[in-house]
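Scrolling down, you'll hit the structures one after another.
Both complexes shown next keep chain A, but they swap its partner, so chain B is in the first and chain C is in the second.
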Partner chain A sequence: MSSIAAQLILNGVIAGAIYTLVASGFSLIYNVTKFMHFAHGAILAIGAYLFYAFFGLGWAVALPVSIILTSILGALTNFLVYRPLRKRKASSAVLLISSLAAMIFLNATLLAFWGADVKTLPHANPIFDVGIASITATQIAIVAVALLLLLGLTLLMKKTRLGKAMRALADNKDVAQTVGINPERIYTVAFLIGSALAAVAGILIGLEQNLNPVMGIQLVINGFAGAVIGGMTSVPGAILGSLLLGLVENIGIWWLPSGYKGAIAFALLFLFLLFRPQGILGKKQREA
Partner chain B sequence: MALLGYFTHLGILVCIYAILAVSLNLALGFTGLLNLGHIAFFGIGAYVAALLGLAGLSPWIDIPLAVVIAALVGVILAIPTARLKGDYLALATLGFTFIISSVARNWTSLTRGALGLPGIPRLGSISVVLAFVAGFALLCFLVVVWISRSSLGRKLQAIRDDELAAQVLGTNTFLYKLIAMGISAAMAGLAGAWYAHYISFIDPSIFSIPDLILLIAMVVVGGLASVRGAFIGTVIILLLPEPLRFIGFPPTLIGPAREMLFALVLLLILLFRPRGILGKVDIS
Partner chain C sequence: MKKTYALFLTLALLLAACSSGPLSGTPHGSGTLVIGGMYPLTGDGAAYGIPIQHATDIAIKELNDAGGIGGKDLKIVWEDSKCDAKDGATAAQKLTGVDNVKVILGGICSGETLAAAPITEEAGVILLSPSSTNPKITDAGDFVFRTAPSDAYGGKVAAEYARKQGYKTVSIIAENSDYAQGLRTVFRDSFKALGGSIANEQTFDPDASDFKTIVLKVVDIYPDAVYLAPQTPAKGVLLLKQLREQGYKGPIVTAEVLIGRDVIKEHPDLVEGIAGVEVHFDETNPKAKKLFDEYRSLYNEDPPFPAYMAAAYDNVNLIADAIGANDGEIDADQIKDYLYHVKDYDGALGKLTFDQNGDPILDFDVKKVIGGNLVVLG
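Entry: the complex of A and B
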């Protein structure tokens, strides 16, 4: 195998890990609340920018502070926007539109504070040669963190009381309530965890690429596409789908200009929505 | 005179966006299709008109062609997505917007990519343009009013309210969704073609997501399934940020402030008046 092909495959795996990072928080929230929280993309970008803002104080400060603040911001979005809408019994289409509005609002705030120019996080990023391809330290961190987070999320969902409550709520809200699960409390927790995951994703992506205010939009849609392709309801499916998406995108630029990367992702998503909406590993939903 | 020019400019934009809002309302409000691809039809209309216009075709040929091609693309998008509902339809149509924008950005030999297409011929003075777009906006409004009162409109609303029931009663819901998307896309293409010929420059930023939310805000603020609402929503959302220009707001902040303002208005309407000003139905 030529070294270009090996590098493209490795790039595909790294891109897949990035989508996995993005998809983990987004699909956690989607599975519990049953609507598409597009503002997750803006929250991810804000996480990266907060890290940038505190970067001067050193990693030991910047990392926890930015993750905690982003987590609170996510819960606040839920509290101020989605909770009042749920109280009014708004449909999931209304929640989706409100999440797009929240996304635009948060992105514009970011733009007003930090401007439209690209920001970089200067850090030592040694490159390792692995035979016929090369990988940077940040890329290794991305792949490792993606795997750890998915392992952690699987354990959380399967083994803990909180995870069981989340799955119960996702399965049947009314029955979950009758056994004493408070939906609003679980939603808050889902937004706290999901947004913390968004911050982790944003920071890693910021270290690997650059920061720009609209970085989250394409990422969240690609991450979600990965989750849909793999199967919304299945964690191994989400990894598989994100990996497939990353690979197809990166191998696709063998034939197409690299600018078409995004279009390749959507073409794949489109095909899955049409022919296998439940994804590779997902179970058939009762009502899509 | 400068002030008159400014108001004429606003008038033209209101008419172009009113066509977009009323056509989105046909899909979203009357038929219940959460179509996030509407801005793509607008962009396709603009690009077709711009490319043909720059190639030397008369606007009286390139604008109708833009309408026809946008309508065709609308039908082509509707064929595979007709069986998708709610979130999945939203995601697929949003993906479609990204694909089209990616093509406009990367097919540089045709579209010049991010450089955009300058020098699209104008159709006379701005008052002439205003007269034309106002006429076309009125025409589109009348068409939608007529549809809403015809048996076609009742079928579309039946699909929105209960698709299964409509099927049981013998409506070919697939066909009617195609018709709704085709007409809706045709009007968006018309708006795009006039936009290109008025601004005389377009680039791939025409497919921006904030502009898509702007359109949805116009429809939701005015009210779903209301033709007058679409017009009122357009006027409110388009003119609301204009005072920012005159109160000495820093120019670099006007863009973000505009987006924040209409996102906030959309959120407040969804929270406190979910049916908008004149809306007849909830967003399902």
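Entry: the complex of A and C
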């Protein structure tokens, strides 16, 4: 039984790490631009498909090429879809709807190019049995990358000039501009980094769960839930929230029927919205 | 200026509406006969929908090349029902309400068919499925037919096989869809009736892709065998992979999804040793052979779901025969009566007869993957 408990917790951590991969880029972009970029899910799927497309050339080529191309595509989405809307002083609601439209458009593009059938990335994936639980090489990579993201993004936001500029912009756009921060430039950088993270997420999730054109939709919903639980205003918070979500979901269905998995996730989200709307690490929003 | 523009726009819209009328409606007295088709053409369910659509198209082309029905070509208006009840209902609404068809081929997944049935029944439109196997379809309506046998038998055959192997306890993992849940109930009830016991039953949502803890609950009990009922190969493969990764090495019994020819070809090691239940079907009969040869030459692959594809091929010909018997006029009531009187129709699927519920009278085979090949156990 103890080995089952260990495996159960490990499964929760792996699920949480997957949500983390999605939530990190999503919440980074949200933090800077202050709107929900749901097309992040489609960008993630494109990252996975680009990796699939270049897979034949070996990892050393496929990995950087797909990440760089996805990163550029994310910035391009910002440039072509969101920037013109911002110029017209569109509200966050308009940007949110346009992100849904962008998501549908990008998903349909994937469908047109690669078709609807599921693609697999054949790779050696040894199972490591550590006595009380077993984990595959891909799953180790997922958890490791999630932890690196937690560390890296915390450092980025707190220690670097760029992170400080991002936070300043998020805090008060007008004041940030008066001290010489160019919002559009920072937005572009946020989309470049966030979309590169989406590509990493898409590739790892593609290796673990295979590829389909709409793979990003459910992921971005779970990543969003994780981000809200952890605190939308804090990137490390979003990562912690995602881990918590994965753990609670998996441990929850140990006792509850497995069909309740989605219900558990949203019950947790609901509880947080009721009792701690700012999330685990988020700061209380001041009334505007 | 603005007024002129608005007027122009209204006129343009009117013109568009008029000109599209004859295209979308049933063309009376023209050179084509239009029927509807609703298959899953995108998403995980497209793994069935697309090959079955190809088989349907082959039948249509053969028919039209041979002169059509009394000189008129048969044409299908396609809708994507996405292996989903909601989209199945939308597709049926569109085909009956906008395109005014009197016959719809489909759906493929049971959920689509069950959601479409009340709509087509109300409209008095024939719904003819090549592959929906949920037991509830038997009573779904007078105009509802299928050329795939009900899982009321398929699930029972699997349970009988499992008991014959000496399995006393079985866990069930089933997708939350009409097809898979139908199988789950039939298998559970039959297995219990035969003296076996069900260790636990797990259900997962169609959009899930992490099954680790679900399968861990099965590994924890470690039953004699596991019965898997996924709706699509995509989820089935992922489920089976995670079941093995989490440490279950015991026997697997399933329905037809995981013994699909594509699945065996792409994941031979993963599906090795699993036993599935599929409709009894002689793939070497002349009509089936001709269909599959044509399919191979057109699409460069072996037919992934031969029985369903043969059924879809037969469905086109059955409908064409019915329309032909009515001097080339499409009349749903006449087609309904015609289908109920079909007896020992010699099709690609074999000899076909419908019972009083519009279900075909067909048998099932248990097949096992041995050395990467599918072997019939009888």
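We adopt the following convention: the second predicted complex is superposed on the first by the 275 of 288 C-alpha atoms of A that agree within 3 Å, B and C clash if a C-alpha of one lies under 4 Å from a C-alpha of the other, contacts with A are read in each partner's own complex, and residues count from 1 in each chain.
Note that in this section a contact is a pair of C-beta atoms (placed from the backbone, for glycine too) under 8 Å apart; a residue touches a chain by one contact, two chains touch by 3 or more.
As the structure is a computational prediction, the values presented were derived from the model and not from experiment.
J.: Following superposition onto chain A, is the placement of chain B relative to chain C best described as a clash or a fit?
T.: clash
J.: Looking at the overlay, does A:L151 come into contact with chain B only (first), chain C only (second), both, or neither?
T.: neither
J.: According to the stated criteria, A:F35 is in contact with first (chain B), second (chain C), both, or neither; which is it?
T.: After superposing on A, A:F35 lies in contact with chain B but is clear of chain C.
J.: Contact-wise, after the overlay, does A:L111 reach chain B, chain C, both or neither (first, second, both, neither)?
T.: So A:L111 meets both chain B and chain C here.
J.: Between chain B and chain C, point out the one touching more chain A residues.
T.: B
J.: Could you look at A:V175 and tell me whether it touches chain B, chain C, both or neither (first, second, both, neither)?
T.: In the superposition, A:V175 contacts neither chain B nor chain C.
J.: With the two structures laid over each other on chain A, which partner does A:L57 touch: chain B (first), chain C (second), both, or neither?
T.: neither
J.: Should A:V130 be classified as contacting the first partner (chain B), the second (chain C), both, or neither?
T.: In the superposed model, A:V130 contacts neither chain B nor chain C.
J.: Tell me which partner A:G259 touches in the superposition: chain B (first), chain C (second), both or neither.
T.: both
J.: By the touch definition at the top of the document, which applies to A:L274: first (chain B), second (chain C), both, or neither?
T.: Touch partner of A:L274: chain B, not chain C.
J.: Where on chain A do the contacts from chain B and from chain C line up?
T.: Residues common to the chain A contacts of chain C and of chain B are 111, 115, 217-218, 257, 259, 262, listed in rising order.
J.: Chain B touches which residues of chain A in the complex?
T.: Contact set of chain A toward chain B: 35-36, 81, 84-85, 88, 90-94, 96-98, 100-105, 107-109, 111-112, 115, 217-218, 221, 224-225, 228, 257, 259-260, 262-263, 266-267, 269-270, 273-274, 277, 288.
J.: Spell out the part of chain C that touches chain A in their complex, as residue ranges.
T.: 41-44, 46-47, 50, 176, 202-205, 207-210, 212-214, 216-217, 219-220, 233-234, 237-238, 245-247, 266
J.: Note which residues of chain A are touching chain C in the complex, please.
T.: 4, 7-8, 11-12, 14-15, 18, 111, 115-118, 120, 127, 134, 136, 209-210, 212-215, 217-218, 249-251, 253-254, 257-259, 261-262
J.: Considering the complex alone, what residue numbers of chain B touch chain A?
T.: Residue list for chain B touching chain A: 34, 80-81, 84-88, 90-92, 94-96, 98-99, 102-103, 105-106, 113, 209-210, 212-213, 216-217, 220, 252-253, 255-257, 259-260, 262-264, 266-267, 270-271, 274, 282-284.
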